[in-house]
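Chain IDs A, B, C, D, E and F follow the sequence of writing; residue 1 opens each chain.
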Amino acid sequence: MYKYASPKNFYALAGRLVPWLGTITLLLFVFGLYLGLYVAPPDYQQGDSYRIMFIHVPAAWMSMFVYVLMAGAGLVGLVWNIKLADMLATASAPIGASLTLMALVTGSLWGKPTWGTYWVWDARLTSELFLFFLYLGFIALQAAIDDPRRSARAGAVLALVGVVDIPIIHFSVIWWNTLHQPASIGSLGKIIAPTIYPTMLHPLLIMSLAFFLFFFTVVLIRMRGEILARERHTGWVMQIVRSDANAPEARP
Amino acid sequence: MTWHTFFAMGGYADYVWSAYGFATVVLLWNIASAVHRRRAVMKMLRELALAEQTPKESAAQHYVH
Amino acid sequence: MTGRRAVAEEVLLEVVNLACARGDRTLFENLSFSVQPGELLYVQGANGCGKTTLLRTVCGLTQPAEGEVRWQGTAIRQLAEEYRNLLCYVGHANGIQGDLSAAENLRFGTCVGGADSHTRIASALQSVGLSRAARLPAKFLSQGQKRRLALARLLVSARPIWILDEPLTALDVDFGATMNERLVAHVTAGGMVIITSHQELAVTVPIRRIRLDS
Amino acid sequence: MTGRRAVAEEVLLEVVNLACARGDRTLFENLSFSVQPGELLYVQGANGCGKTTLLRTVCGLTQPAEGEVRWQGTAIRQLAEEYRNLLCYVGHANGIQGDLSAAENLRFGTCVGGADSHTRIASALQSVGLSRAARLPAKFLSQGQKRRLALARLLVSARPIWILDEPLTALDVDFGATMNERLVAHVTAGGMVIITSHQELAVTVPIRRIRLDS
Amino acid sequence: MSHNLLGTARCIFQRDLLLAWRKPADVATPLAFFVIVTSLFPLGVGPEPQVLSRLAPGVLWVAALLASMLSLGRLFAADHADGTLEQLALSPHPLTPLILVKVAAHWVTSGLLLVVLSPLLAMQLNLSGHAMVTLAITLLLGTPVLSLLGSVGAALTLGVRGGGVLLSLLVLPLYTPILIFGAGAVTASASGLDTQAYFSLLGAFLLLALGFTPWATAAALRISLD
Amino acid sequence: MSHNLLGTARCIFQRDLLLAWRKPADVATPLAFFVIVTSLFPLGVGPEPQVLSRLAPGVLWVAALLASMLSLGRLFAADHADGTLEQLALSPHPLTPLILVKVAAHWVTSGLLLVVLSPLLAMQLNLSGHAMVTLAITLLLGTPVLSLLGSVGAALTLGVRGGGVLLSLLVLPLYTPILIFGAGAVTASASGLDTQAYFSLLGAFLLLALGFTPWATAAALRISLD
């Protein structure tokens, strides 16, 4: 296991894993969508609009998970100076940001039929929006620093400070109610969770797993790019580049 | 269930399909940009390798803070 | 004016009683000299004595505290664009954006300088030894390569007056020699050069020197 | 650890297999040396070869890409404050605020450095020739006077290890000589000096040299 | 062989857009600031929709103004640092039109994007459809004025210590008329009133700014280079 | 002979206050920004008193937040540029408490002054006397948190291209809880409700920030110096 902590070996391992992970992800997506869109019956209150859940909830969960992962990887990189952890954090950020955006947009699209409006300034929605900004800040900070090591470490500190937003997102539903009068819609979870049927639960779980594996597939591809960029002075990368340059389609 | 009722989504077609459509776009963007980034790095490295074949600078570099 | 003009016609570029100040310190006063076609003027002096200030004043970037710079007898403040059209200045700063490629930087530089020469970009890059790095973002160029790129502007925008502030810094020995040859070629073709350098110039044409620190 | 320690006890400051990178370029690799009390180490090399980077790494300001710096056999990362308490570093930047007077700057500098010496401020200013300018805002000091002020910290906060990055820049000949004498005095009193300079050192003690550009 | 002014102008415009394209973070940050500041208000004021829609014109305009002001840093700073500005000042073409082109490129990568983003934020703040259109139009007329006025401030504070905050002090008072008429138009349209007069006024400001500020900016730049 | 930590800390604090005293413009500019932004709102929203007093808590808090953010540039930039920060990092005392002292000095010359100014502006916006006191208390509890959180961002963006705008993107999302509870308290007190819970929450934030952010700032500074 320890062997794969070197960028070189990880590069090869990731290259071999990606096709497998990708295939499984695709199958899970197909199966989850089949269950969620076709098999599951309409909800007795919300009709078919609840089917947005099967992408909204996994995306929202992943948006939080990826940030925590990023902060954790940042911490590991900061403390033990492990390059792969830095690269994991850097590679996760755009994916996390896009999933956060997905949670925001699908949530809005779900909000219109259920709440009658695309957006309310409810604490959860707001804190999720600010999670999106935290991602953007991370990406912008890393882009603004040219030295890769400094950029990785600065990003790590930022991610660690920003991670306080995650519990705020999760518990916002409770906190908001204690201080303000309840927003027009209370706890999001209560709408589905108590009444959830297995026909709805199963596709949700499968889609969540699909999103999870999707993240890992993409992050591995991104990390491969990151490894090449940061290890470009090492012999093995130069060898890859040279053999690539000699390939027939490359320009002379 | 016919295809028609399936696509109608009980009257919520606009919301459901735009949500799924947006999700698809995001997922595809993720794959495309990840692959593109790797290719771009490769291309840059190739050009760097080409550039480094030119005679090297012995010259001094300035310290920029 | 006509009378004065007839006399001054011979003298092309002329610095008259120039005084320059930075902050609240006067760097030099009562400086007068002139440059004719086919001449190379070598400005020397210790760090901080005002060489850069002088060159920028001759370009018209910095306003002198007293005196003026004249071209064919007319103050360059009045000539403005007409005078700038004769000039190519390479200062301490290279004028290169790290996120543009070498070729893009050169194309922009020459086009701002008023010359339009798509075809000559490639050959200029080649003659400063950068053709292989042409498509690389300029931030990956080494200090010396950046300097070469800045100097490539001289070749593309063929101008009679070159004003060069330490053009040889960061250049390696080979390209330093090439640069000296270029200077000679320019001067013998009737161009004018005003130059500063902490390294000695190895050129085969007569050099006129002025020292700024008295 | 005890075994290794016993052997290493002799060597005070030790650099082991050091590699430093800036941006994505490795400046030097596999650098090892050690400095003993009473030694002066003179780090040489061309511009941009990594001298400043090395000195900052020895201070602990910059993290090395590989290898480590040890004090009495223990990595300085672990010693932290204990090691910094032995150190006085004068880098390229003088650490002087233009809006504070010379005396205020020196007092702040020494007190951040952990030394408390109200009385010695005046005498230190005098011995670097700044006593008349003590109450002047530092922005009115000339470049060389600023450098003197930065070096005055060496005198006030008596530390065994001096790390000096081009201390002689901007100094005039007189004070350059004084500075060389100070170095000699510090080294003969059993101190350690790591120094870079583009000017040759005129000291009367044996100098150990390393060149960074191979 | 010599380039005409138009060719040089096009070349500068293309280059600035290309640079913005190569550094998307620089473009995105003021936009993000716009979105964030707008989102701060509902947090400060409370989430009731009718209060928010009452506030929306003022908040959106103030946020656009602040975002536009912050993006000014990008206008000349990099070109000043690397010496490009010197070359621009030494160009055989007059500096004023070249500056105008730079400001235009800057507006396309800042103000114009604010206009594009504004309906989204207006929706978040419960603005009616009609008012949303008015908002977009006023921003379309107003943000160029902000960029033009701001360019004077940006040129004046080049290389000055504490330039950022200083810039805001110089520029914000100049921005107030635009703010008053821009936000006024949106408020009027939200209450169903006519907005023609506001549009004409903003248009007049735009023409005035186009006529005068490039000269001032060019003069300020020459001073900064001195 | 060696100074203890407390002595060094006092020395840093005194010096930073002295510097602020010598450069009054640096201190005044964020304050002016606070005043200007607050005054822009009546322009954007219209002059009706009851609308304004409804808005006042949110507007004042957002303006305080932006002003506090803008003053962050002054926190480390000068010390970074002239090498003082290097010396601080090489001090034989741990960096974290020294940073805390610097942040405290910065707060005294920015946040505290905002607190002092706030009643004046609150009056302009028609806030009741009771709410005014609440505003001052929340600012007193909240602005140190802003300074502490902001110091992390300021340290991270030191010497970074486009630092100013980037800083705002990094810092503003972290500021939101303070804004929500700060403005919430003022709104509550304006409607005669109890504000105790808000004060406790803001106090808790302050303690948390005091405990954690100096570490993060010190780490970020070491990274910036690397």
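Note that in this section a contact is a pair of C-beta atoms (placed from the backbone, for glycine too) under 8 Å apart; a residue touches a chain by one contact, two chains touch by 3 or more.
Keep in mind that what you see is a predicted model, and the values were worked out from it rather than measured.
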{"item": "Remotest chain, subunit A as reference, centres from CA atoms", "value": "C"}
{"item": "Most distant chain from subunit E, judged by the mean position of its C-alpha atoms", "value": "D"}
{"item": "Two chains sharing the most C-beta contacts", "value": "E-F"}
{"item": "Euclidean distance of C-alpha centroids - subunit D vs subunit E, Å", "value": "48"}
{"item": "Centre distance in Å when subunit A and subunit B are each reduced to the mean of their C-alpha atoms", "value": "15"}
{"item": "Centre distance in Å when subunit A and subunit F are each reduced to the mean of their C-alpha atoms", "value": "32"}
{"item": "Chain centre separation in whole Å, for subunit F relative to subunit B (CA means)", "value": "39"}
{"item": "Residues of subunit F engaged with two or more neighbouring chains", "value": "78, 161-162, 166, 169, 172-173, 176, 180, 184, 226"}
{"item": "Residues within subunit C bordering two or more other chains", "value": "143"}
{"item": "Subunit B: positions in contact with at least two other chains", "value": "48, 50, 60-62"}
{"item": "Residues on subunit F engaged by subunit E in the complex (per definition of touch)", "value": "25-26, 29-30, 32-33, 36-37, 40-41, 43-46, 51, 54-55, 57-59, 61-62, 65-66, 70-71, 73-74, 78, 161-162, 164-166, 168-169, 172-173, 175-176, 179-180, 183-184, 187"}
{"item": "Residues of subunit B that touch subunit A when the two form their complex", "value": "1, 6, 9-12, 15-16, 18-20, 22-23, 26-27, 29-31, 33-35, 37-38, 40-42, 44-46, 48-50"}
{"item": "Subunit E - residues contacting subunit A, complex", "value": "23, 25, 28-29, 32, 35-36, 39, 42-43, 46-47, 49, 52, 123-124, 126"}
{"item": "Partner subunit A, residues of subunit D touching it in the complex", "value": "21-26, 63, 65"}
{"item": "Subunit F residues touching subunit D - in the complex, by the definition given at the top", "value": "1-3, 7-8, 11-12, 15, 18-19, 22-23, 78-79, 81-84, 86-94, 98, 225-226"}
